[in-house]
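Multiple structures follow.
In the two complexes below, chain A is the common chain; its partner is chain B in one and chain C in the other.
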Partner chain A sequence: MSLPEFDFHAPGTVDEACRMVAEYGDKAKIFAGGTDLMLDMRRKRISPEHVISIPQIEELKTIDQAPGLLKIGACVTVSRIVKSKEIGAKWGALCAGGKALGSCLVRNLATVGGNLASARPAADMPPPLMAYGASLVLKNTSGERVVSLDDFFKGTGVTVMTPDEILTEIRIPEPPAHSGAGYFNLGIRNACDINILNVASYIALDGPGGAVKSARIVMGCVAPTHVRALAAESLLIGEKPSEALFQSAGEAAMKAATPRGSAYSRASAEYKKDMVKELTVRTLTMAYREAMGLTA
Partner chain B sequence: MSEYDVINTRAARVDASDKVRGRAVYVDDIKMPGMLYGALLQSPLAHGELLNIDTSAAERLPGVKSVVTYKEAGLVKYGVSPARYDETLFCHDKVRHVGDNIAAVAATDLDTALEAVSLIKVEYRELPAVFTVEEAMAEGAPALHAAYPRNITAEVHDEFGDVAAAFKKCDLIKTSSLVNKRQDAAFIEPQGCLASYDFSGNLTVYSSTQVPHYLQRIIAMVLGLPVGKVRVIKPYVGGGFGPKAGASHLELAACLLSMKTGKPVKMNFDRQQVFMHGRARHQFFHTMTTGVKKDGAIMALEHKCYLNGGAYSSFGIATVYYAGSLLGGPYKLPNMKYDGYRVFTNLPACGAQRGHGGVIARACWEQQLDMIAEELGMDPIELRLKNMMKAGDVTCNFLDMSSLGMKECVEAVRDRSGWKEKKGKLPPGKGIGMSCGFFVSGAGYPIYRSDTFHGTVIIKLTEDGGTALVYTASAEIGQGSDTTFAMIAAEAMGIPLECVRLESGDTDFGVDLGAYSSRQTLMTGLATKEAGEDIKRQVLEVLSEELHVPIEDMDIKKGFIVFRKEKPDFSALRTRYIKEHRGWTDNPGMDEELSFKEASRIAFLSRGSIVGKGKYKPPELGGTHKGAAVGTSPAYGCSAQVVELSVDEGTGKINIEKMTDAHDCGLAINRTSVEGQMNGSLSMGLGEALFEEVKFDDKGRVLNDDLAEYKITRALDMPAIEPIIIESKEPNGPFGAKEVGEGAIMPAIPAILNAVYDAIGVRIFELPMKPERVYMAIKEYRRKKEEALRSSEGKAPGGSAKK
Partner chain C sequence: MKKLIRVTVNGVEYEVAVKPNQTLVDMIRYDLGLTGTKNGCGEGDCGACTVILDGTPVNSCLVLAMQADGRTITTIEGVEGKDGLHPLQQAFIEKGAIQCGFCTPGMVLSAKNLLDENPHPTEDEIREGISGNLCRCTGYLQIIDAVKSVSK
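== the complex of A and B ==
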């Protein structure tokens, strides 16, 4: 199947790319890895007049681990994240999310920025990034703004980005001592799948064996965007971690989740709700084990 | 040590190097000067009356060379079985499914052809559509085809023995059901073709087909050409699995467009069109009742099945027979009753797919046999071995087990999997299950009624004597048949594999019914063997004349002449040979043995071209009841499998950990290829058991028409596999060989079903066993158990469903 006709642009710098998106606005689509975009174009779901490629821009491909903050360029490929020992050591759930994405070949092309900007509710990168409290740098010709990932998604395929903006960087704070995170994605098969449900959880403890100081639970596939399980999070705060506590957090997340399901969708609402509970408990347990230094 | 020099080894495939290096030519690689591109207009509606087709705007588009509809194509009916020819190249009165074919365009490039298709204006009157068996068979339901009341394509009512009487003598009678989902065969290469009609009136068609011969006949019939003017050539094919075993609208449209334009026309399905064309596994609704004695002896089977067939018959009439007849074995079953209904619905037609008709029936029954074994307190393997047929037995529906290594297969998987140490002893969430299966080695009769040979093979020696050229019209579709026949030819002639060059897949090479019903190894194999022996005989005849040695005192082995008695003086022959090859560097030394190459050069000098001929057709087989032809075969392959798996009870996700698989292929011509077919069957069975399901919306449109949402098994889903080859030496096969291509899929699904039960204590009666279905079954089981406990003891249970 052939692609619709379009003009292809390959700017050398972020500034140049910003000028292009400013000029073409919503007639343009940004090509970061192309693993979603090309499918949409081949299926003629979208027919942009301009495709602006950005993975050749060097400044978008850096991983910078400053004290207290990890900065990942938007065009860092998912396979680089998966393979990074530094990221794996402190942000293990992010690597887990990366490993769950597509196949090895897809991960070699797909970029972390693309996985966020395409705003698919089943995507693998948003839950761990939200759980770690990531924020995003959006640039245009007049400057940049920093948005919390919590506030980034507006609907399926829709974000707060304006047509003249480019996502350039993902900033992830370094998790404090005695914290941990876990990611679990549920699909039908073991590779190249589209998630039925995915959950990432993060908790920080008030010292070893202490109470939960902060918590973030992020669910995919239950709403048009990734959502936090706020009731479950607040239920954890100030409590000593236990199996029973995680079970009630799972219950709370399940009660708050309102997934849609039909005969035609990947799973029923009932199953998804039950899995919200199951995966919340599992990822909280993973997070707790990491916080206690119990994971390898 | 094998008694053979070439076969029964692990020879490298003759096409391996070209395929691995990208040199192998597939149909879409072929281009011709002046070639046009074709595209199809396909129905957006599931059921509608065609009121008007206006092609004028499409014809006016620059670059468009031809637009054809039923007006140009005519209304010759075709299909798979002449008993159910119900398709025309293009629809003329109504459309019967989304994707039904209305018109085709040829243009200078594909984009223009597609644009022209979008310019064709069709007026429809939408008709009510039926998508399920219940809807289609309901009183007053809209009929897809006027000739078939209640939308029944075909029904079968067979009884062998007396089931009702047998049930009266049974100690245990068990009923259960199983339903699968419509499959897509998901071959990697979508159908494609290139038709070229020349100015002498010859039509050459390159196609990714499994059946060049049937395609040739259907093209000739539909387009009104003599068979001799139609040549079908099959280049390398990227998988078929059944749906490519019949002529398609794509091929016929390309032929018609080429005839209209006088130019070559290329056409391809895209992946969406592969789904809309369908012709893969039906959806089956099986209900079975089996009666047994206390000691496990199987007495009778009562079986009812409904098939959701889609809009046309395709293979359906055979499918509905196979679904019943293949349960005749491999267990001794004296009484069997079968009622089958194949039903038209407004969906793409279903057809044949690996394990044609028998796969879901086998799964339903093998799960039921496990349920029976459990109630009788018998080990499932013990139950099966107790009832097992042996070589020479004939089933109640007249299938002759001329060889049957079934018991050996069962014992092999039992012992190699550690069944005795594991069965009943695994922790909750882990399970082990087994199953048997068997399948035909080729259908006993062609698809059209005929006394034709099922395969003819010609071998010609090159004039220098060094190479044997094998010509067969059989279809290499990725399964390795070219290698198999090159090996058989080499063995039969007594020469090394390297001295054989094989060409296949061309109707000019002879008749071969093609790659379906696991027929080629046995049938084309026998024809190849006969041709090879014919060559050997002719060469030895000439030698006998020249050397005055009786022919029975000579043989050819490993490329050299074997003199069984005294070695004659052949120096004169050698001198003659060398004189003809002055300056050549590979002439034999005077002290070497007499080579086949020398002998066959001498034979050429004496007789001209040395051509060996082989042919095969099965003897009269099977019973005389209606439909007896379906299920008969000169031989049956059989297999057994043990699956070990774990079930994540929290999510319902199944992880297959190990498959131990034994298959009796009679004799392995190429051991690596046999294992490849076994592994491929397991992969396909695993996908069907766990993932695969073609879904439709309420308008009959395929929802998951790509390989992202239609999920087949990928490498990471494949467990460790231990393939075990059993060789029972089939008397009706070439060197004892019989099928492996399809039979190996038979036990895969039921072995998984039985292992899942062993892991979670819950039976699943619907496929695929995706996590949600398994999880919900466990949840329902626990809810019921809890209710039962509450009413009896007032206590809540905990832990796994298994215990």
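== the complex of A and C ==
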């Protein structure tokens, strides 16, 4: 199947790219890694008049680890995240999410920004990024705004981005001492599959062996967008971690999940709900072990 | 409208007029005549179109030809050295890692990139390294054997 006809643009800077999206608006599509966009164009789901390529823009490819804050350029490939020892040391669940995406060939093209902006409910990068409390920098010709990833997704394939905006950077706070996170994705293969379900959990403890100070649990594939299991999170706060506590958080997350079951969503709703509980318990356990400094 | 791009493939510099909606795999096959690179699924699942772009193996069906402007590409035709086949290619023959051959160019390039980055991979690392390349004939075991035999 051939691609629809379009004009191709390769701006050299973010400013130039912003001017282009301002001019072409919704007639244009941004090409980051292309691993989703090329499929959508080939299957004629979309036929943009203009394709604006951004992976060649150097300023979108930097990883900057400032004190307390990790800044990842939107066009950093998922491979680079997976291979980064610095990211792996402090944001291990993010690397786990990256490793679950596609195959190593796909990860060499796929970008972290693209995996967010395409807003697919089964995507691998949103759960760990939301669990770590990431925010996104959106730029247009008149300036920039920073939005929390919690508020970014509006529906499947829909985000708060306006047609004149470009996602330029992902900002991830450094996890405090005695915190940890875990990611687990359930699919039918280890590579090149679409998740049946994915969950990321993060907890911070009030000192070693202390009570849970803050918690975030993020579920994918159970709603049109990634969602947080807020009831499960609040149930953890102020409590000492235990298997029973994680089990009840799993129950609460299961109640909050509203998956649809069909051949298209790859599993029945009942199965997904059961697995939400299981994966919540597992990822909370991973998070707890990391928070306690216990290695796998 | 076609645009002239400059690209270095297997050490040879080419100037090619490409269309905006032309993929890199189509440019390599139809404009350069290098048909060792295969066009399989067209969606980044099968890896038959694998080429090494600026040192990184990618699915050339997911890259636009215009995005290759000014860049360096190695295809399967560029793997062979002056003294004949690359040791990996020889190992594929000796271990029976080829049947129909459609996946082989991509498989060899992914394996070559793996060994360039990690000369002594574990079996899990080999499996991971070729996870983007599907083979429907061999069942992968002979391919893993071939890669292992070169890594020793």
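Just so we're on the same page, the second predicted complex is superposed on the first by the 292 of 296 C-alpha atoms of A that agree within 3 Å, B and C clash if a C-alpha of one lies under 4 Å from a C-alpha of the other, contacts with A are read in each partner's own complex, and residues count from 1 in each chain.
Assume a residue touches a chain if its C-beta (ideal position, glycine included) is under 8 Å from a C-beta of that chain, and two chains touch if they have at least 3 such contacts.
Worth saying up front: this structure is predicted, and the values here are computed from it rather than measured.
Of the two partner chains placed around the shared chain by superposition, chain C is the only one that A:Leu105 touches, whereas chain B remains out of contact.
In the superposition on chain A, contact of A:Leu3 is made with chain C only, not with chain B. Between chain B and chain C, more residues of chain A are touched by C.
Residue contacts after overlaying the shared chain place A:Ala191 against chain B and chain C alike.
Of the two partner chains placed by superposition, only chain B is touched by A:Ala267; chain C is not. Of the two partner chains placed around the shared chain by superposition, chain C is the only one that A:Gln56 touches, whereas chain B remains out of contact.
Within the superposed three-chain model, A:Met292 lies out of touch with both chain B and chain C [touch as defined at top]. In the superposed model, A:Thr35 lies in contact with chain C only, and not with chain B.
After overlaying the two complexes on the shared chain, residue contacts for A:Glu278 are found with chain B alone; chain C is out of touch. Residue overlap on chain A between its contacts with chain B in one complex and with chain C in the other: 1-2, 103, 190-192. Of all residues in chain A, only 1-8, 10, 31, 33-35, 38-39, 42, 51, 53, 55-56, 79, 102-106, 108-109, 190-192 touch chain C in the complex they form. Those residues of chain B lying in contact with chain A across their complex are 110-111, 270, 650-651, 653, 655, 690-691, 695, 697, 703, 708-709, 711, 713-717, 770-772, 775-776, 779.
Those residues of chain C lying in contact with chain A across their complex are 1, 3, 20-23, 42-45, 47, 50, 56-59, 61-64, 66-67, 69, 110, 128-129, 131-134.
By the touch criterion given at the top, residues 1-2, 103, 186, 188-194, 196, 264, 267-268, 270-271, 274-275, 278-279, 282 of chain A touch chain B in their complex.
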